[in-house]
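Look for chain A in each of the two complexes below; its partner is chain B in the first and chain C in the second.
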Partner chain A sequence: MFNQGGLSLDQAPPLSVVLRFFVTASIFGILLGLFLLSQSLNITTLSSYSTQLIIIHTLSLGIMASFMLGALFQMLPVLAGVVIKTPTTKAMIVHTLLSIGVLVQLFAFGISNNSLLFFLAAAYLGVALFYAIYLMLKELIKIKTHSSSSKGILFTLLSLIFTTIFGIYLLLTLGGFTSGVDFTQIKEIHYSFALFGWVSLLIVSVSFQVVEMFYVTPSYPKSISKYLTLTILELLILKTILIIFSFKSTSITAIVSILFLIYATITIDRLTQRKRPVADATVWFWLFGMALFILSMTITFIGSFLPIDSTLQHLSYIAFIGFALSIVFAMVYKIVPFLTWFHLSNQGYMEAPMMHDVIHPKKAKIHFYIHIITIAIWLLTTDITWLGSLLLTISFSWLFYNLTFAIRKYIYTQKHCEKIEW
Partner chain B sequence: MIISSYLRGEHRECDELFTIAEKSVIDGDFEKAEKDFLLFSNDTLTHFKKEEEELFPTFEEITGSTEGPTKIMRYEHEQMRGLIGKMAEALEKKDKDAYLSIAESMMILLQQHNMKEEQMLYAMCDRTIPQDKKESIIETMKTIEF
Partner chain C sequence: MKKFFLDARELAHPEPLRISLEYLKEMSKKDYFYMLNVRKPIPLLELAKDKGYKLFTHEDSSENWHIIISKDQQKNLEELLDV
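Showing the complex of A and B:
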């Protein structure tokens, strides 16, 4: 941790490393909102299968993977004590390949008979994700004494490997390059690793340190912080084996959902015991996100034993999306103002804008209100509505505005403020 | 693990005092906030002093390096001293928003700093410094005042 300095001195990755991912994620969010708006108003008419694939992958790759990879580039030094050397170039490579890959993939889903697009999507996304995994894993496996977060991130990246391998197989099958043996089973393995392994495990791993760090809460119980992430990964691998050998895997899904329910309940408990009295929007985002996680996992638990109707299924999906987005927004509204101040301050700008000058908590609160209304509308309506789509567009546009405001502040300070050379 | 246990305890005390001062500012009770803040800043600065005057030099002597973790920790202490000064200014002006804004940066910086110390530096000190030396360092640290 100390050899490279963590978040210290000039070793922290430049602001552009993380912001390029965050800005791109918010653009994908706006594009998703506009796409849904055009679908709801019948301006575009794609099949429901294509629409579904486009929505899922804009959310999971364009938005979530962009946010999460950006955050990882930034947070690995703090949470795991490892630094990726020459991060600017490496982040640029991952970011560019990922963004192109997502766009190509979305076009592949939207246009019929296009083997080449599927092949290109698999190639771009495969290279982007495996390169990012390689950069991070090769540093993480060198750690001798792991914290609960660094260990969790390691398992998260292993889950991303499985997600990517199976994802590539599915893309190549859709493009007609493989015969598609066990397509349905592979699809289930793919999304299990993506949702439970990659997205949820990363949030869990990061929360073990940031919840305590940002809000001064009691620590998570040792049994949870020490064993939860590994147990989930093992269960997902077991689930994969069961699916491959055509055994029933619903009991595994039930156990995973119970574990996440316990985790989410503890997180809410910890947040309500926070010592810091500040009730900023990021706390609300965390609490709202965890409540949605509980809703989603409760339905998943019930669904692993009983048949559930499409309305409940819809609730579970939207709640999960709402959970993931809530936590991402909570993180963004802490990370971006802090880093903007931190970098400018370290560069010697005595008048570096403080966190509230970069993104004022009121702006985050406005986003929170937009976000809860957006999620509420999506939970209450099973179809794609123009209102839900419009709200989603507004939500990401507001985030985009806040991020670009932070960037403008950063550039303005560098251009116009006095700098002290150390 | 006596170094870890003693200094970790001080971190938690500083956190506690920080949150008390922050609450007073949020409530708009600036008279109380000033007293609470003074307790926080005194405790935090005394803690820094203890580390810089006792623990770090011993660690540097044993490891033979002043360029390692202690250099970074000293640098971060300086950063936080700067923020404590700015928080005091905001308090003097009764500027609630400015105080809370600086406090936000302070808290993140402080917590990630504590995390590094607790997870790495204190553990390294407990491993490398002989027991009798550790006991005498703690005794001396207890006498240090700001």
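Showing the complex of A and C:
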């Protein structure tokens, strides 16, 4: 993880920068679980379209974007050697605007006919995401010699620009501010950039460095680490052009899914070649995530050529969500204990908790078991059930507990432990 | 003069950093820390520099990095290189 870019005390962002995003993401996860539970028990009765939009955007923005932006604030200095100055204030601005934006957007989807809410959601989310992109891109473009990860993150942020622009257009259309003649096409472009260009490419880019560093595996083949991210971005741009000019773009989707299938297979292969294969929940999350990615991309590939029924389609979506969450959980259980220990240790606290005291590996294992059962139930039912919803709520509640436990350890150590100069 | 040695070539992140920091805290002025790694451990080097340690780094022909760190600014660290 900590490659040539390095990490000094100045470069490691304060714990609050990262944890504010992670804690918020876990709260959105709990809220999503409770919402789905109320839907499955008919306590709330929203239209299926509103429900779909709420689920998708709580997952993609409230949960995934929060986790991913938080992780980027922490990892950019590490993976790309770039420093975001005064990260605490900047992270607070992004985090606040994003959180408000997500909530307003969810209310807009729930109420449906309130133009002002759609406008406010577009404004808050637009400012939050463009500001975050600006902060990161302006540093990334200064890099003279890119690593495969830093280059990939740059392409990921470009994809996020497209995702945000088209997302704003869709929100304004739903609010009645634009005619929305191209609504269906723009929606497809928006989803392509969000799922393939933002979520998947970021995971791919980060994995080029972290898989080898965290798990002592052989490196990815040069052809993959050097060209995969750019190729996928180019394919997504080509797909956009084809959609805009009303040409069929299914062959592009098929190629993208094949590329991701190759990537996921190589990642599993690398993880099985670990030099010290100890039982570690974060590796299990990675392996499970990649298996789900393979399932999702296989269905996407088949769906590019053959008609597939809605059950199979749902299976693909659930597998994709499971993939993204698995990798995010793997990263959280690596980042939080390390950062907590690192900051306390370097502040000179004699009795700074070790990483396994911050979040014990057993707690991560328990989360893995909850997660695997949750995803299994969702895959088996491919529908909103009370059991799947309850398990999702438990999964994020457990994560929330683990994160707040780490925060309490940090604060306790600062308040009660003795400092040394070294 | 005691040598604190760590072969970190097959250790997963962040174990090398954790063990190195423990050694650095434990070392007296006369001692030195010697680490073998597959990559240059920039975070450790930056931290050690930040804390006023003297550093020496060398990449050998097998692309292994030899890192030598001491509190003693007068010590010739290159002499301690073992390749």
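The rule we apply is simple: the second predicted complex is superposed on the first by the 413 of 422 C-alpha atoms of A that agree within 3 Å, B and C clash if a C-alpha of one lies under 4 Å from a C-alpha of the other, contacts with A are read in each partner's own complex, and residues count from 1 in each chain.
As a convention for this text, contacts are C-beta pairs under 8 Å (C-beta built on N, C-alpha and C of every residue); 3 or more make two chains touch, one makes a residue touch a chain.
All values derive from a computational prediction rather than experimental measurement.
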| item | value |
| --- | --- |
| Touched partner set for A:Pro277, first chain B, second chain C, both or neither | first |
| Partner chain(s) touched by A:Leu46 [first = chain B, second = chain C, both, neither] | neither |
| A:His356 touches, of chain B and chain C: first, second, both or neither? | first |
| Chain B versus chain C as contact partner of A:Ser147, first or second or both or neither | first |
| First, second, both or neither for A:Leu379, with chain B first and chain C second | neither |
| Which of chain B and chain C A:Ser345 touches, first, second, both or neither | both |
| Footprint overlap on chain A, where chain B in one structure and chain C in the other make contact | 1-3, 5-9, 213-214, 216, 275-276, 338, 341-342, 345, 354-355 |
| Complex interface listing, chain A residues touching chain C | 1-9, 11, 213-216, 275-276, 338, 341-342, 345-346, 354-355, 420, 422 |
| In the complex, chain A residues that touch chain B | 1-3, 5-9, 78, 81, 145, 147, 209, 212-214, 216, 275-278, 334, 337-338, 341-342, 345, 354-357 |
| In the complex, chain B residues that touch chain A | 15-16, 18-19, 22-23, 26, 68-69, 72, 75-76, 79, 97-98, 100-102, 104-105, 107-109, 111-112, 115-116, 119-121, 123 |
| Complex contacts: residues of chain C adjacent to chain A | 10-14, 17-18, 21, 24-25, 39-43, 45-47, 50-51 |
